[in-house]
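The following pair of complexes shares a single chain, chain A, combined with chain B in the former and chain C in the latter.
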Partner chain A sequence: MPVKWVLYWQPNQGTTVSTQILNEATQCVESINGVKEGRWKATLNYYKPMLRDQSNHPDLPRDFLGISLADQPSKYYFVIRSQRIVVEADASIQLIMEKLQSYKSKVSLYFDGFQYQLGDFRVRVGRVVPVHSESVRGIVMEVEYLPISSMEKSRKVMEEFVEIWHEALSKRSLSGKFVNIELNFGEFGLADTYTPQHTGVQYAIVMAHMIATVQPARG
Partner chain B sequence: MECVVQGIIETQHVEALEILLQGLCGVQRERLRVHELTLKSLPNLGSVSSEVRLLCDLDQAEPTWTVKHVGGAMRGAGADQLSVMVRAMIESRVSKNALRMFYSLGYKLDHELLKVGFAFHFQRTAHISVSVSSVSKMPKIHAIDEAVPVTPGMQIVDVTAPATPENYSEVAAAVSSFCEFLAPLVHLSKPFISMGVVPTAAAAAASLMSDGGGTTL
Partner chain C sequence: MQSLQQPLAVNNQSEPDAPPKQVAQAMERLNQAARVIADIRLGADRILEAMFVASNPRHNDMPLQLFLKEDASMRQHLQDLRSIGKKLEESGVLTESLRSRSNSWGLHMPLVCPDGAVVAYAWKRQLAGQAGASAVDRTRLALKAFTDQKRRFFPHIDDGHKMESTSKKRRGSNSLLEHGGEEPVEYKTLPDIQSRLEKLVPNVKVSTYGRLSWLKRATSLPESGSDDPSEESKPIFQSSSKMRSGLEDEVVDKVAVIELSFPSVFRAVVSLNPAGSVDPDAVAFFSLDEGGSYLHARGFSVHHVYKHITEHAATALQYFLSFGTGTALYSLLLWICSFESLYSKPCSKCGKLLAMDKKSSLILPPIHRAYQELPLAVSLNVCEAYHAGCSSDAS
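Coming up: the complex of A and B.
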């Protein structure tokens, strides 16, 4: 599977994120000859433990989430960031979680936007929106380098792409930038060869950063 | 959802059963070596306590894992008339650290078993799976190599077939019909309603063994 980096929009201090950023980003991709391939969508669910006695709080994770990825429709990915756990499962695992009734999805987010082909790269840019809301929570961007599956071997070319991207976007004078978070995938038991589990971990980390640093705004 | 029946057979007759199954199913038998871990939720977790099974297929070069949730059996007059149990069942393949994930989520190991034997998977109106296995328990946690049989000299026969709310009657009928062929060697009935061993199994087994399954029982 090709290596993928997941970046998120970090607005400058004092500014918020909006759909306008997404529009500028997609226009920027098109301005550097990105060929639109269509829409893409992913879903992320935050789970909360259901406790019979609310006054008794066992030591359970507060960062348990599940992700459905656009390019893996039959799979589902669980991440517990604090425990450095990522699990890949068939999509039917969601039915099992519903039957167990021990955890319920309390917050769900959509990632949706457009997908582009840019030479050997595939780029997706999308907004992050809570389900049943119009409030844009953030902007994410996936950059995939199609010829290579090795994280290490692709590092240089990915860094160069991101640099070119930053340069192209800087001409639009936007109040912020796309950020790539350096991750130690080894802590999650993941190897150098890229897998969808790597994507799951990236989304979990991106969301953690986004929640901590990005103020929501109406789209 | 699945249709399921179970039975027990003396180990000495398992070879005859295998010959019979080989003739009936028309497919190659598969080895079965599964480590089954049953996890239960912590006392305060969930609106009701919950249980989930993790199955590790040890027969592969790289063990593969499945999560399985078995729900309640169908009840009522319709269900009572069926000779098979129809119950909710959902399975999902998972990556190898699913056990660690469930431990983190507040599930504890309730018990674990090792099932070793063989299985046949074939199509006969429904997709039917028949497994014959010796079930062992572990004296120490995860000590597969030290497993001891729960019922020495006896093995469990499981017949299952996936079903849906729309087709479970047909699937149940297919399973029942197939089980009749196994009746000379093993009584198959709804789980938890044991019919014991077949008293004439020895004669049936001898007949099968003497001509390699050519005899019609």
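Coming up: the complex of A and C.
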């Protein structure tokens, strides 16, 4: 599977994120000869356990996350960041969880944006929007390099692409930048060859950072 | 009606028609005949139907009316058919009377064979009118494209000159004559080339296949998903150990495909022609995640980067072949190995790894590797990396 980096928009101190940033980003992709391929959608859910006894259970995870990926429509990925666990399940697991009522989704987020092809690169840019809300929680960008599936071998290529991207974006004087987080995939038991589980882990980390550092836009 | 007397003039004009018009008329009449025959068939159906209805005791005189109507129209159809048939006979379609006429412009009348098939010959193209002219144009364009490509890919070939003398002039101090006798003997057999290569380039995996076994391997490669190193190494060790055992003669005879791969980077496929020789005739680059029957020395990868490298490799291959000293395969394989650094070595001109290629509007790594210093190089550092646009001989 091709290597993918997941970046998120980090607004400058005191500014908020908005759909305008997404528009600027998509225009920027087109300015470096990106060809729009269509819409991109994904969903992410935070789960909390449903317990009769509401007292604290310290051993139950508090950051249990489930994510559906656009390029794996029949699968669903669970990540527990604190315990470095990532698991792939069939997409029907969501139905099972609903029936079991053991865990409930407490926060649901949509990723909504567009997919572009830039030669051997594939880029997706989208805004993060809570379900039942119009406020933009953040902007997320996926960059894939199709010819390589080794994280190590693709490192330099991805770094330079992100540089090219930053340079193109800087012409638009936006108040913030896209950030890539250095990850130790080995901690999650993942190898050098890229898999959807790598994507799941990247999203878990990105969301954690986003929630910590990005103020939600109002309205 | 004088037309019936003259076999050529089949309409009321006094002078005979030109062959294309005769042919067009003949085709038109054949079509008419086919329509009339279809009408006759339908009429026969209707008559049979009327007879069936009439056989029922409960009826009125409708079948009778139907019979009379169909009878009249059938007679008319058969009459029409007879007259068309006569015209066709006269124009030589149903016989071969016009076949040998010298002024027929090389056109032949359509011939209706005894079994009913209509045989049309070269005249059919002439009917369109344009087809002949466009064939000439197409040939002219093809010739122009060929000469352009020849000038671009084989600049060292001059018409009428021997290849060796021209290429020797270009090489200057690297002429083989100066280094002659040093190492050419070692390049002659495939096992020698393979072992020398593996000594020089530690990470490369070289394996050889007959044409059919390569096709099997190509189609069995997973089309996407992880490249599992343990799976890849199995066929490789098998065939290279075969190479070194006593079965050399047998195996070398059938080798037609060489696969060169660098784990996690790329795979290159070289074809040898004839099989069992050391003469390469094509090379193509692919991603390790690709699989399928299109994975061969004349195929193209789905990825732009490998497509571009494959095109560049064609030029390099022609350069190596131009030496005519049997060193082409070794030079080619060595040069392919210089691409191990495809995703790590920046361009020697602009210093960057990625650059926007102006011609294709794509962001690409340095897909060019200098080949002029091979095959006498002892290290692959002479194969400088360049972006297509930064390359010194970019045309």
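Please note the rule applied: the second predicted complex is superposed on the first by the 215 of 219 C-alpha atoms of A that agree within 3 Å, B and C clash if a C-alpha of one lies under 4 Å from a C-alpha of the other, contacts with A are read in each partner's own complex, and residues count from 1 in each chain.
In this text, a residue touches a chain if its C-beta (ideal position, glycine included) is under 8 Å from a C-beta of that chain, and two chains touch if they have at least 3 such contacts.
Quantities reported herein were computed from a predicted structural model and do not represent experimental measurements.
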item: Chain B versus chain C as contact partner of A:Pro61, first or second or both or neither; value: first
item: Touching partner for A:Phe114 - first (chain B), second (chain C), both, neither; value: neither
item: A:Phe178 touches, of chain B and chain C: first, second, both or neither?; value: neither
item: Contacts of A:Leu100 with chain B and chain C, given as first, second, both or neither; value: first
item: Touching partner for A:Val87 - first (chain B), second (chain C), both, neither; value: first
item: Contacts of A:Tyr203 with chain B and chain C, given as first, second, both or neither; value: neither
item: Touched partner set for A:Phe161, first chain B, second chain C, both or neither; value: second
item: First, second, both or neither for A:Ile32, with chain B first and chain C second; value: second
item: First, second, both or neither for A:Pro49, with chain B first and chain C second; value: first
item: Residues of chain C defined as touching chain A within the complex; value: 224-227, 264-266, 287-289, 303-306, 343-344, 352-354, 356, 360-365
item: Parts of chain A lying in touch with chain B, wherever the complex brings them together; value: 49-53, 56, 58, 60-61, 64, 78, 80, 83, 85-93, 95-96, 99-103, 189, 197
item: Parts of chain B lying in touch with chain A, wherever the complex brings them together; value: 41-42, 44-48, 50, 52, 67, 69, 71, 88, 90-95, 97-98, 100-101, 104-107
item: Residue ranges of chain A touching chain C (in the complex, touch as defined); value: 1-2, 32-33, 118-121, 146-150, 152-154, 156-157, 160-161, 164, 192-195
